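A, B, C, D, E and F are the chain letters, set down in written order, and residue numbers restart from 1 in every chain.
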Amino acid sequence: MSLVPLVEYADATPEVRVVYDDIMATRGTDWINNFWRALAAHPPTLARVWNNAKSIMAPGALDPLAKELVYIAVSVTNNCEYCIHSHTAAARAKGMSGEMLGELLAVVGLANETNRLANGYRIPVDERFRATSGGEVGAGTGAPT
Amino acid sequence: MSLVPLVEYADATPEVRVVYDDIMATRGTDWINNFWRALAAHPPTLARVWNNAKSIMAPGALDPLAKELVYIAVSVTNNCEYCIHSHTAAARAKGMSGEMLGELLAVVGLANETNRLANGYRIPVDERFRATSGGEVGAGTGAPT
Amino acid sequence: MSLVPLVEYADATPEVRVVYDDIMATRGTDWINNFWRALAAHPPTLARVWNNAKSIMAPGALDPLAKELVYIAVSVTNNCEYCIHSHTAAARAKGMSGEMLGELLAVVGLANETNRLANGYRIPVDERFRATSGGEVGAGTGAPT
Amino acid sequence: MSLVPLVEYADATPEVRVVYDDIMATRGTDWINNFWRALAAHPPTLARVWNNAKSIMAPGALDPLAKELVYIAVSVTNNCEYCIHSHTAAARAKGMSGEMLGELLAVVGLANETNRLANGYRIPVDERFRATSGGEVGAGTGAPT
Amino acid sequence: MSLVPLVEYADATPEVRVVYDDIMATRGTDWINNFWRALAAHPPTLARVWNNAKSIMAPGALDPLAKELVYIAVSVTNNCEYCIHSHTAAARAKGMSGEMLGELLAVVGLANETNRLANGYRIPVDERFRATSGGEVGAGTGAPT
Amino acid sequence: MSLVPLVEYADATPEVRVVYDDIMATRGTDWINNFWRALAAHPPTLARVWNNAKSIMAPGALDPLAKELVYIAVSVTNNCEYCIHSHTAAARAKGMSGEMLGELLAVVGLANETNRLANGYRIPVDERFRATSGGEVGAGTGAPT
């Protein structure tokens, strides 16, 4: 059960409706999902997070589907049930196939495993990796882990 | 300081050398980074993790760069210093630009924020998202969050 | 479903009843919430955690509401559904308004985001911050992040 | 070592200088800490995060020190070395005493412990807590855990 | 609700049935729990994870019950509801008593608390601990924390 | 660098010395590791955490080495550098071999991976697991995952 009431469009203040309208216009849809209806309990958060998300998730050097995959990876690592459902729906709408989902979760699982092996063994970062941070990386360093 | 000695090629058992050789052949390189040299302290783990990584990170429905971005996203969320350095090096070798890194970390930051907003407010998953899990998703659900 | 049976007062051993009685007396209430009824499955844990909580959450240099806000911040970051519900109830009883909850979750979200930006970019700690650890901090360092 | 070069004021673009100037003016200081100098590698992130932080951390229903305590609690839970140093410096500048720091970390430790006890035992949320979510909470529910 | 359909034996491909058959033969049972039926949505993940788990969880220098306790400790720390249920069931089948579960969760809670105290206070690792990593440790270092 | 000064025995108050003396007597050693010297900055935390650790880590239904393995598993999952070093030292002093460390980290890695697969796919808990929680578990449920 939500900690706050979910705000319906009909009950929303003008300040909230402006955001709701922009969400629907940007997405070409006529409904508002629960995430935004809960954030509307604190209008400054609603406006801020929507504007951030709209800008960050827009096409750029990374395409929108790649961004959704990253979003899912984080949400799975953190175990955010809501975000996993909403962003796998979004990713599927943007072309994520079942095979892609399978590979995505395989990478997420592997990274969560190797993160603990690297942290657990306290493995020192190779000088070669440090040297290339912020700079160019030559051939032969494309290590899977 | 590592919890275990890092195993040099010259000191490695034949069992470990087989893996080291495959790592170098697969990557077309002549060095072994510290991650594998630490795992060599427990040869079954070395062989298993390498074979998993080789298979999971290979090209598939997702391209290798997309997989690296996902790997970095998980490693940043978990704060694995080693993995962040090794996989940003790998991603740069596979074409990740500075702009892509900037967008990647922006998405990772946003998802970590919204994960807590969704979990914190205990927002219920929309029926529409549940209904489409495991199935097709129609137009208009490509929500950024 | 709980991994262990929840222990009712009527079924409790004298050892457990001592703790239950102290919980009710300390809070001025006549019921025991599920957290303690589950811990009663392992009486040493029940007594220890209750005594710790009673002592740590008591008024001190920080007032009880500030402590509840911190408790919620941790519980949201870790996604503890039980703790979020029990401690937002406690915080509301101690005066947390809806506006305060909104600001609290905004800070929690921001910190979760910037934690990943700082860890992700591997940003070195400023000498000025290190120098002031454990000592006094002068004017002009009250940085928001 | 940082993944990106830290941008000095002298080397900054006008777009970045606008943010740097606002940081210094807002704080009444003449230096920029490394967090912002690293974010400057991706100017949209710099501007966005600064504006968010400036707005979220400003005085509101919660005072600035309470917000810093929450920020530290999250940063400690996530193990963000940079953020722990920068925000304990900020909190000390805003009046956090050593005793307050001691109590803060005690609460953070307790919450991290009880979060796992509640999640580990899979303790069901009391109906009484669910019933009061989003509404008023009467006397006697101010439970420490 | 699962993101993918759970695959029944009757509907499984020969590739999946090979794994299902090995799971049942290895465990001496006639059913497949949901974890594997979900992974079957991506057969390479099913085969890989099963083979890893079969090998890692087998008796070795650590006995199978000790491995289950470790598994539960991680799952509780990460809040994996499924894994907590499946692995406490497995641990009970291997002899975990209620008293052992109580002590296990007490240690998990304590470690989660002290992890934050150590990280929060940024406590430097004692030279004596670093010196003994990878080597022998003499008498008198068996510190509880 | 520590956030607080590390308290030497010579500089300690009588209240702190009582704890230090008990630590050394309990362990049969003549030094105090940094963890306790940092906690001494807040004496109530020092006394409380020491008493908790002394009691929780003592022999019980689980032997002290099993408890150390669990402690390491949590510390690796949370990436607590200090705790990993101090508790692997403690575990080695209690008999943990290199092979046991290798198996331990393999289980920790596997559990971190499968936690994300179970959470990521949102796999529902089998009725059979729920039914046996809190009760007896028959043959054939000793599933590795």
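Here are some notes:
The working rule: contacts are C-beta pairs under 8 Å (C-beta built on N, C-alpha and C of every residue); 3 or more make two chains touch, one makes a residue touch a chain.
Predicted model only: the values in this text are computed from it and were never measured.
Any chain bridging chain B and chain C, meaning touching each of them, is among A, D, E, F; the list is complete. Listed options C-D, A-E or B-C contain a single repeat of the A-C interface, assigned here to A-E, on the basis that more than half of the contact pairs agree by residue number.
Comparing mean CA positions across the assembly, the chain most remote from chain A is F. In the contact between chain A and chain F, the residue numbers used by both copies make up over half of all numbers at that interface.
The centroid of the Cα atoms in chain C and the matching centroid in chain F are 20 Å apart. Centre-to-centre separation of chain B and chain F, using mean CA positions: 27 Å. In chain C, the residues that reach two or more other chains under the touch definition are 1-4, 41, 44-45, 48-49, 52, 56, 77-81, 84-85, 88, 99, 102-103, 105-106, 108-110, 112-115, 117, 119-122, 130, 133. The touch graph of these protein chains is complete, with an edge between every pair of chains.
Considering their complex, residues 79, 84-85, 88, 98-99, 101-103, 105-106, 109, 122 of chain F touch chain B. Residues 1-5, 44, 48, 52, 55-56, 130, 133-134 of chain A are the ones touching chain D in the complex.
Contact residues on chain D toward chain C in their complex (touch as defined above): 1-4, 6, 27-31, 33-36, 38-39, 41, 45, 49-50, 52-54, 56-57, 60-62, 64, 66-67, 69-71, 73-75, 77-78, 80-83, 85-90, 92-94, 97, 99-100, 102-104, 106-108, 110-115, 117-126, 128-130, 132-133, 136-145. Within the complex formed with chain A, the residues of chain F that make contact are 72, 76-77, 79, 81, 84-85, 105, 108-110, 112-117, 119-122. Within the complex formed with chain C, the chain A residues making contact are 3-4, 41-42, 44-45, 48-49, 78-80, 133.
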